[in-house]
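After the structure tokens below, expect a handful of questions from me.
Chain nomenclature is as follows: A, B, C, D, E and F, assigned in order of appearance, with residue numbering initiated at 1 for each chain independently.
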Amino acid sequence: MPVITIDTPALNKEQKRELVNSFAKSASKIIGLPVSAMVIIINEVESENVGVGDTLLCDRQQSE
Amino acid sequence: MPVITIDTPALNKEQKRELVNSFAKSASKIIGLPVSAMVIIINEVESENVGVGDTLLCDRQQSE
Amino acid sequence: MPVITIDTPALNKEQKRELVNSFAKSASKIIGLPVSAMVIIINEVESENVGVGDTLLCDRQQSE
Amino acid sequence: MPVITIDTPALNKEQKRELVNSFAKSASKIIGLPVSAMVIIINEVESENVGVGDTLLCDRQQSE
Amino acid sequence: MPVITIDTPALNKEQKRELVNSFAKSASKIIGLPVSAMVIIINEVESENVGVGDTLLCDRQQSE
Amino acid sequence: MPVITIDTPALNKEQKRELVNSFAKSASKIIGLPVSAMVIIINEVESENVGVGDTLLCDRQQSE
């Protein structure tokens, strides 16, 4: 704790490294707790499992 | 925001479309915020990753 | 299960009633599981605890 | 409800059975609600999707 | 990590102590990770913020 | 979407501003999606509602 969870489109491993590094360091500095206390969970969500407004993200992308 | 998350058994794409459409429109009408503000995350969970009472859903289904 | 969670601005009790009623019935019909299986958690979030883009919702509302 | 969610490394089916059985029974006894009211969601997370401190779990394991 | 979250009716501090103690020890034994790695978040939810089936828990309790 | 949730000890408004600003900008840069697409939910959790290992955070703090 703190626990940070991010629901995101699929990422490559380098993006995950940067995200975890950036979030842990920012949160540590702002909240005033050690970097080592941070736990970050990356939840990759396919575009057919996300709705923005009343439309699936996968349908919205096709129509754009 | 609002953000709606649903943990559900596997769904086909048409079911996902209907769910997102229905949730976004209902929430918009009831809460009084635009449909476009709604974010919906569908989290499909296998029956061996769900416990109902003290039993995995996959075991319960087999014994029924 | 299914479990539906909604992060939302504060609601009155009548809005909560309608939301739960609407979500449970829609999800039951679309997913094909009994209404009684649905669990819905309403998480009311203050506008200073929500960021949209890089701005707190409470700051955005003041500047509009 | 209550709803218990666990983010965990991959587990085999026997581990999931034990976890659900143990959590449901403990929670029922401590909270004072029937075992049958408990819903448990197991979310298996790959080590490249978890950050502990500023490092991905998959990188930390390699360097140990 | 592992991270365990429980949505529950209000609990007193002794119940919270027992829950955390029980969950951390069970999860450690079953998953095979140190007790110290466990993070548990207790989310107390009022009965007017929970729907079971299509009914708020607070309404269901009154009619029983 | 992306949706970022953080479970954290209580923060003041300036800390929340900085957190949202930092997370939204980092995530946008790393993931390659517009800052405006980010939704961030701050969930302040009291120390008696967090377990680290088998101990409530509020008990651990007293004994330190």
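What we mean here is this: a contact is a pair of C-beta atoms (placed from the backbone, for glycine too) under 8 Å apart; a residue touches a chain by one contact, two chains touch by 3 or more.
Every value quoted in this text rests on a predicted model; they were computed, and no experiment measured them.
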item	value
Shared interface partners, meaning chains that touch subunit A and subunit B	D, F
Starting at subunit B, fewest touch steps before arriving at subunit C	1
Any chain that touches subunit D and subunit C	B, E
Repeated interface matching A-B, over half of the contact pairs identical, chosen among B-C, C-F or C-D	C-F
Chain separated most widely from subunit A, comparing mean CA positions	E
Farthest-lying chain, centroid of Cα atoms versus that of subunit F	B
Centre distance in Å when subunit A and subunit D are each reduced to the mean of their C-alpha atoms	20
Rounded Å distance, subunit A centre to subunit E centre (Cα mean)	25
Of all residues in subunit D, the ones touching two or more other chains	1, 3, 7, 19, 23, 39, 41, 45, 50, 52
Category of the chain touch graph - line, ring, star, complete, other	other
All touching chain pairs, where touch follows the definition stated at the start	A-B, A-D, A-E, A-F, B-C, B-D, B-F, C-D, C-E, C-F, D-E, E-F
Complex contacts: residues of subunit B adjacent to subunit F	1, 3, 39, 41
Residues of subunit A that touch subunit F when the two form their complex	1-9, 11, 15, 18-19, 22-23, 26-27, 30-31, 33, 45, 50, 52, 57
In the complex with subunit A, residue positions of subunit D that touch it	7, 45, 48-56, 58-59
Interface residues, subunit B side, partner subunit A - complex	4, 13, 16-17, 19-21, 23-25, 35-44
